[in-house]
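What follows is a single structure, and I will ask about it in a moment.
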Amino acid sequence: MAEDATTLLKTADGRPLKAALATAQARSRRRAFLLVLPLLAFVLLTFLIPIGYMLKRSFEHDGFSANAPALVQWFAENPGFDPANPPEAAFAALVQDLAKMQADKTTGMVGTRINYTVPGTISLFKSGARAAKDLAPPYKEALLAEDAKWGQPALWRGMYDASSTYTGDFYQVAVDRKLTDDGWARGGDKERIYVYLFVKTFLVSALITVICLLLAFPVSHLLATLPMAKSSLLMILVLLPFWTSLLVRTTAWIALLQEQGVVNNMLVALGLVSDGNRLSMMYNMTGTIVAMTHVLLPFMILPLYSVMRVIPPSYARAARSLGATSWTTFRRVYLPQTLPGIAAGSLLVFILAVGYYITPALVGGADGQLISNLVSFHMTKSNWSLAAALAALLLVAILVLYWVYDRLVGIDRLKFG
Amino acid sequence: MALPTYASPLERVWYYTYLTICVLVFLFLILPVLIVIPLSFNLEPYFSFTEKMLALDPDGYSLRWYDTLLTLGHPTADAPRDNAWWWSAWENATWVKAAKNSLWVGLWATVLATTLGTIAALGLSRPEMPYRRLIMAILISPMIVPIIIIAVGMSFFYAKACVAPDSAVGMITGTFLSTKGCLANSYLGVIVAHAVLGIPFVIITVTATLSGFDQSLIRAAHSLGANPRVTFFKVVAPLILPGVISGALFAFGTSFDEVVAVLFIAGPEQQTIPRQMFNGIREAISPAILAVATILVIFSVALLTVVELLRRRSDRLRGVTGR
Amino acid sequence: MKKILILSTALTGLASAAHADLTVMSWGGAYGEAQTEAFVKPFMATTGIKTIMVDSDNPATPVKAMVESGNVTVDVANIEYADAIRLCDEGVLEPIDIATLPAGADGTPAADDFLPGAVTECAVSTDIWSNVFAYDTTKFAEGPTKVADFFDLEKFPGKRGLKKGAKAVLELALMGDGVPASEVYAVLSTPEGVDRAFAKLDTIKKDVVWWEAGSQAPQLLADGEVAMTTAYNGRIFAAAMNEGKPFQIVWDGQIYENEMFVVPKGAPNKEDAMKFIAFSTSTEGLRASAQQISYGPARKSSMATEIIFKDGKTVMAPHLPTAPENMTNALETSSEFWVDHDAELNERFQAWLSQ
């Protein structure tokens, strides 16, 4: 009915109103989009493309594939070879490549690439390359006589994997799998580190989120129920740390918590601990958790506060007047109304905690390191593809959380101060 | 929340426990920030209060760590303090150089983030904006994606984002970039990285201001004969200005505090205050770091005050009462 | 448009003012200061080439990253011996021709004047330094004297400072477990040997404070955060001499090696970099360095006459790693071993740390 009415209506210049409206709307949509476009382009160039580039790096390494052409070709032609017993042709290609590596000075690059999946091979490639030009057929026997390690099935599997520039090897390593003579398998317990650190990072982040929630709840409640003038004043106590440099706050915690720091000195002066038994609260997990809780607490208080502020006190009063105890009132009436704030704050704190780097790096010591620190470790050690693979796994986890946050809370609800 | 008169004894106990907890949490929040201030005046090279300090003996306090900020890296540190000395400190002292770099990078990152962010926020706040949710999600993501991931990606890409220094484009842009014509190891690289990190804050504060914006004011201006330009500068701009400024301050604060991206993409010349602090904390933690920290705390108090005043002004202008 | 102009001129002014002619990367702290005094300042005065010194925990890592990403900002870097060999093999470093290095002050050609192994294909030794452990003499009535004492928490209670990394730490653990210096690398080459080293470290793990930058070690000792710590011997010497700290070095079980100057491939100022290295590793250059900090020069001619510390009275010889009385149980780092096992053992070390 309404549909019919609009089709009949015409604008002053005789066009159907519906079409004119659609044109106008399209135009205003375009205008709105044009305003956003410069920023989108900027973010694309300086942020999204770099992250895409990182993802590409996590699958890419040409240290071997670019420097061992003969073997790459042989692998391409014989994908089903037996790594336990490669034929003479494979060894011939290998010797040819080794001689080329020696001439091109690329043994280091090749060795480093294979070393990522088969440790201890850098010197093998080095000595092999040095000897290559003097070797005579049959190459298999000659090379094995040079060093029996050339016959390892794991090495041949590693070279086969590395003969492709694009590989999932680094993701295998990133989930603690090792290349053995029989293919990829679960790594030994002493070498398992990445999955353990991922789990640890998530557990620590969850713990910090819970601590933040427990600390933030009463404070937000107080801020939300006090008269405006007083709560604004107290709010400064929350906002000042929020605005203070992260490095300043980390420094402050070092000053407070280290063995010769303010807190330990106070405890010793009060006689609570003896001088020889000062508490270790810094450069370990305790230090990381305390400092991170402090840094992230405002991110919990602010969303909780903004939700609590608008909860009408009359509901609680009504519950009490209907005979509910104060505990029941809290549990059944007040708490459910704060859930949006709890969800918003917890997710935000958790997301930020999972990716934390600076604080654990400075105060974490040995056991207070999180997954970000390991990414950084591999970056500085130039194992870029592994760093990128670990970062990519972390990114996936974060994006899932971000999506949940958007679903539950809505990103446009983010606010500061 | 005052205690009602009908409260039971148990509730009374609970109420005072609750207040105590709140006080403790506030102390937990604020004490670490404040503790660095007295410690920075320590005469001794320690991170703790000496007995003289606790006795409030003026002899236990000194300005020596503030002095270090001017003399570290200064070739003629011991010379008499004439004009030439001060000029040389301004030119050479490590911390002064770092401060100049931080302000410089922060300034341009803020200009970039605020300009692009405000224009985009104007578009995003229009009801007819297509794909609004997705675009918002992308623009806010620099705040959500862990900084280490961003830094790793940037360090890969910015090293490849180069122009040949002798090409036509290189002639114009070369001075913004590193000697090799790349974004990595250049001021421009750090500036754009910091701008991206500041953008979510600008978007959030400006769209928040715009969400309370009464669209009928625009129609009113149009009906009174104002063209879109006049409408923007005379009606919209003054109303959203407080939001823009606080967004800008957030962006500046982000840049001024950022260290991870700098560690990964900057060259030795782009030494900023946070980078200098990061290295200082990892190596010899001298109270000079605390002196810097104290200056930064005062700086953040100033920033906070400005943001708070702006927020109130904005609320008043938009006719919002209370918070 | 006007804005863009202002922006570009402003940026131009800033960027061009900041470029140095030569950038040298070293290890910071007392060592960096010594090299600034001994190498950088005289070099600037002699040649007029504006040289800046930048610090790193271990310059080998940024150098490799820079070359691989194609963004080299450093002209000369000071790196460990094994790293110099490894990076040279990987094609990350410029070759250095020994013939371009100046002859000794007594006229001996450089090739004969340098100690054996002190000049390699891509690197020239700046000094011989050592990983030692040190303690605060005020903390113990009778201090530790043997490497085993470092692991003896009962006799010498208190925290231990250790470098966060596999290299020199695993060797120390084995020597602390009674392996003689001459057999350390043979043992460490076996999986059982590696397990044995980690097992020894397990005995003190909960009492270890890990340090990364060389200057942290003396700082930990000075702050009382640890009772004893491993350190680069020159850092302890500097803290004792320059700041009067009551620190004592235990030379038993020291692990020494050459420290090398290298030029990263693609260094922006390669020629000046070579000039800098020739200047610094001359007889006088190495001598000047040894007058600043207790690392031994690798040229015979530099030791022709007695080296006196910059205070004008301390004789350096007994403080150097190469002094005969310090060499009774000393281990020279095996570059072959670390070239091969660096990545693997450091990964294992990380895994062990986080457990």
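Note that the chains take the letters A, B and C in the order they are written out, and that residue 1 is the start of every chain.
Here is the rule we go by: a residue touches a chain if its C-beta (ideal position, glycine included) is under 8 Å from a C-beta of that chain, and two chains touch if they have at least 3 such contacts.
Every value quoted in this text rests on a predicted model; they were computed, and no experiment measured them.
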Task: Centroid comparison with subunit C (C-alpha atoms), farthest chain - done: B
Task: Most centrally placed chain - per-chain CA mean versus overall CA mean - done: A
TODO: Look at the interfaces A-C and A-B and say which one is made up of more C-beta pairs in contact.
DONE: A-B
- [ ] Take the average of all CA coordinates in subunit B, do the same for subunit C, and state the distance between these two points in whole angstrom.
- [x] 37
Task: Whole-Å gap separating subunit A and subunit C, where each centre is the average of the chain's CA atoms - done: 33
TODO: Measure off the straight-line distance from the CA centroid of subunit A to the CA centroid of subunit B, and report it in whole Å.
DONE: 23
Task: Residues within subunit B bordering two or more other chains - done: 46-47, 155-156, 160, 282, 285
Open item on the list: Going by the contact rule already set, what residues in subunit A reach two or more other chains?
Closed with: 258, 260, 379, 384
- [ ] Indicate the residues of subunit C shared as contacts by at least two other chains.
- [x] 223
Task: subunit B-facing residues of subunit A, complex - done: 25, 28-29, 31-36, 38-40, 42-43, 46-54, 57, 215-216, 218-219, 221-222, 225-226, 228, 234, 236-241, 243-256, 258, 260-262, 265, 294, 297-298, 309, 326, 351, 354-358, 362, 372, 375-376, 379, 384, 387-388, 391, 394-395, 398, 402, 405-406, 411-412, 414-417
- [ ] Provide the residue numbers of subunit B that touch subunit C in the complex, in ascending order.
- [x] 46-47, 104, 108, 155-156, 159-160, 172, 175-176, 178-180, 182, 184-188, 267-269, 279, 282-285
Open item on the list: For the complex, give me every residue of subunit B touching subunit A.
Closed with: 1, 11, 14, 18-19, 21-22, 25-26, 28-30, 32-33, 35-36, 39, 46-49, 112, 116-117, 119-120, 122-124, 126, 128-130, 133, 135-142, 144-150, 152-158, 160, 192-193, 195-196, 199, 201, 204-205, 207-208, 246, 250, 253, 256-257, 259-260, 264, 274, 277-278, 281-282, 285, 289-290, 293, 296-297, 300-301, 303-304, 307-308, 311, 322-323
Open item on the list: For a test of understanding, state which residues of subunit C touch subunit A in their complex under the given definition.
Closed with: 61-62, 64-65, 68, 86-87, 89-92, 157, 159, 164, 198, 208-210, 223-225, 336, 339-341, 343-344, 346-348, 350-355
Open item on the list: Considering only the defined contacts, which subunit A positions touch subunit C in the complex?
Closed with: 105-109, 112, 115-116, 119-120, 122-123, 126, 190-193, 196-197, 200, 258-260, 276, 283, 365-367, 369, 374, 377, 379-384
